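Think of it as A, B and C in the order they're written, each chain with its own count starting at 1.
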């Protein structure tokens, strides 16, 4: 299969999207951006390619005449088992690294190694349950999943065995970087899939055969474009780097062809983009040098409130009387929060006010970029936050009346999708084929 | 005569006028009289001129802290003060569409450029950038200013206002002299007995006068004066007497003024709502009234930061005010990004330091939402003044 | 090399001027500090007063990497972080010994010529300096043009101030009587140089443009915006510059950048707002790397709107000075600025326009977002918006600005391709 890939290297996460020659999305991959952009890029790419092979597998099985219900069941079981294998192999690396770092300790190394041994032993034993059918995982990232469990177990260890909690945690912080930078993080389709098929007891049947056909399919990259905040650091030639503004515009157009105004709130910046009926950007505005009102600001608020970033929105949604907050200045946010809490204002009301303040800033940016034309598409990490979405809907309705507001579950991939489309378009142009519309 | 029981009702009325973004009082006046209403930005315009032609002057001073700014922020970068944002928000929301025009006196580049934005946003309204002279010689600056005022008169008449009439202007000057005197008296009373005239209350009264016809503004302030003079239940507290300066254009939220009072300060002089204090004494009603207005501007106006101080020493007037008001300390309280106030501040600080008067400084914007830092700062300042005066 | 001749000449002019300034305490030459917009150089020259331009000192300090230190010093002395960094840089420089751009000490002013044109901060700036130097101030208030025209009342007001206040003050300070014939002679020289400057700026109408009318033109306007308007040296400088540019046109060459000849002209843009001086070369490179050439700019009009036809007219010396002051770019109302930008886009066949919005300068910046939308509406060309500062390095975020510029130029490219497809 020939494919193009688009990579969006954001400040928080790196996303990759794989397109086949018919502009159909075949695979998506996402990972933490971490400090090593090149590795993040590799991981996202191979995730997207693994995901692509799952799509191919679906297509194979479909042509075998499987019903949708069967398809879903089979593929999701395989995927679950595949992820468990992937997790296991990363856990192996983690265990090795933890031991290596513990071994370097001059004092207390033995106790630490013993503790690490008990923790990782327990974690290894839990993999089956973690990926059992119907289990909800709070994240797809190994760092979050393994980290959360590790911290819990480290607490028990520090209580029961007299090992310093900080020491145990410190080991994890060092080791996880190596795990994320290892080849295991990228995943190995063939090996993990083989194990998954075995575990599912389906090696010899239709499924096994389809898997081995898909595993041996050659995937040929015919184009790639990189974008995003860190795009200059991507291992792409200059001509294959595109501004995230253009990629977001085209990506949003591809998802919702009637889109005319796009709002993207990411970790580091906020963008308001106007596109024409071809997805071509006609004007744009970005937030000024101050990062107030971006995803980072929410992260800061979450830290101040001792909440997870993903908990902010749901908590804020419980409010029925949001407080008025005028400043989204990150510098003053902490003081303002503490003052309001000390005045007895409810956490959910403050949070709801903060979300509204963020969206207010975004609304100004949209106005700067030329206003709002139907349809309106909201993308970026903050589009996953229900309180931000609610505030946006309220404010749009108040100021612009009834609008079609598009929010895709895959909105985080908008920039990468646009990049992959640009790659395909460049390919077609150089091959003399008409440009895609 | 006891008027004290009326005070809460009076305050509520003023507060309602202060809070009414839609300028209900102005709309009612227009419906009643059929006259034109023309707004003006801070700090000062000669309201007499409008009044004499049957026009209602309406003072706009931003939009407090409870208006959500969306459209306004689309016009301004983060490093520009807040008042033009809220003014644009009010304009584009239709809140002040009852105004037939808006006058932008020359006080700074931001207000100046706002006049240009207004020209394109509201092409059907009277939009006048009122340039004022920075030369104070009658033959030079005076002549120029007179011409500016005559142009304004003609423009108003062109929109249906009564034509310029010197007799009417003299009568208007007399009325405004009364209003100015009332404001001066209230400021004097506050200096004498600040516990009787809390600044947070006086401030609301002054803001209310901005949307009322001068006759009603006079009634309001007379009534208020009578109320506070009779308010024997208001007893002095051990508070520090401070002069607040720098807040002449964008106004602080009322919460900030209250915060200062609660943290132990009696504000005994300030720069709020200066329109009725810009001219320091009565303007003569004899002779050519337009000349009298011009001459008052040239030779009897306050030493605002927006004026070039030609003769005399920067800060001299501030020191006079400190002395006359008996202030024990100075609060430099300017809006963020306010060029005139902030560029002046080092010179003013230096002047204040020559008399060893304690001072402190902080910034705000009209929608500042938290006062914790200011409360602590002002509280510490007030405490230190009290300790100082006891020592 | 002939192409550098004008630059060598300019350097030489500046060096000689600063030598004279440095020697002033010994020679008894008297100095006037004054500003670029609405400068009265011919008048000063007619009194043998040497001009010193604090704005230019500030931008030179920035290019020499000194302003972070100067601004910090001024802030230590109580100046707010919110206000104009030209002022703070100047005050910091003064407090650090007043060493000018050539490394020589600048003399204290004998007079502050406060010609207050287009920017309110000038007034405050010299109030601040007056407190330091305790010297006379000659104040010239130039009214604003809100409606895009100079009225007789405005002109009379300025002429009267010149005649009754500015000239008597300069007479007192210089010890010389006002000599109108001398003034007229300088004005005639000014008009000659202005002709050639306009020719140079309008050469950008060629394709490819032989000049960069923003970054490059900053150097071209140097002599006429500073101490040299109305001198023979300036006349010769502009004549030489004109013949160099003429040669470039004949050879079909584009602009020269600090990194050499620019590559192919890919985008023609009009620029509004002053440049950033702390990262001037880096900023320019962000344009030239993309093949973007500024074909017209408004910043090069802050010292006079010559391309709209104004010339100093020796037959009406004070009136012409008044009209000059009234006509400087930042003294024009927003509707006039909007129309001017749209006109530039049309006349210079620009693909779009960029606004560099500087934190320091409210005169320029307040309203620029409105200007952007209006110019887009009138011209049909897309505007780009970047934010930085004049001389405060804290407000130049290279990654941020580069990101915006790249996005903007890619948008222009995509529009072009989209239009062709």
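Rule of thumb we're sticking to: contacts are C-beta pairs under 8 Å (C-beta built on N, C-alpha and C of every residue); 3 or more make two chains touch, one makes a residue touch a chain.
Treat the numbers as computed from the prediction; the structure is a model and nothing was measured.
Central chain assignment: C. Criterion: smallest distance from chain C-alpha mean to the mean of all protein C-alpha atoms.
Relative to subunit C, the most remote chain by averaged C-alpha coordinates is A. Centroid to centroid, with C-alpha atoms defining each point, subunit A and subunit B lie 53 Å apart. Inter-chain spacing, taken between the CA centroids of subunit A and subunit C, is 49 Å. For the pair subunit B and subunit C, the distance between mean C-alpha positions equals 36 Å.
Multi-chain contact residues of subunit A, defined as those touching 2 or more other chains: 288, 368. Of all residues in subunit C, those touching 2 or more other chains are 369, 387, listed in ascending order. Looking at subunit B, residues 74, 77 sit in touch with two or more other chains. Chain contact summary for the complex, subunit B toward subunit A: residues 65-66, 68-74, 77-78, 367-370, 372-373. Those residues of subunit B that touch subunit C in the shared complex are 74-77, 79-80, 84, 106, 108-110, 112-117, 119-120, 128-129, 131, 133-135, 137, 139-141, 143-144, 147-148, 306, 308-310, 314, 334, 336-340, 342-347, 349-350, 363. Against subunit B, the residues of subunit A that register as touching in their complex are 288, 290, 324-327, 332, 335-336, 339-340, 360-361, 363-368, 395, 399.
Those residues of subunit C that touch subunit A in the shared complex are 369, 373, 376, 382-383, 385, 387, 395, 397, 400, 403-404, 406-407, 410-411, 414-415, 418, 421. Interface residues of subunit A, counted against subunit C in their complex, comprise 229, 242-246, 276, 278, 280-286, 288-289, 368, 370, 435.
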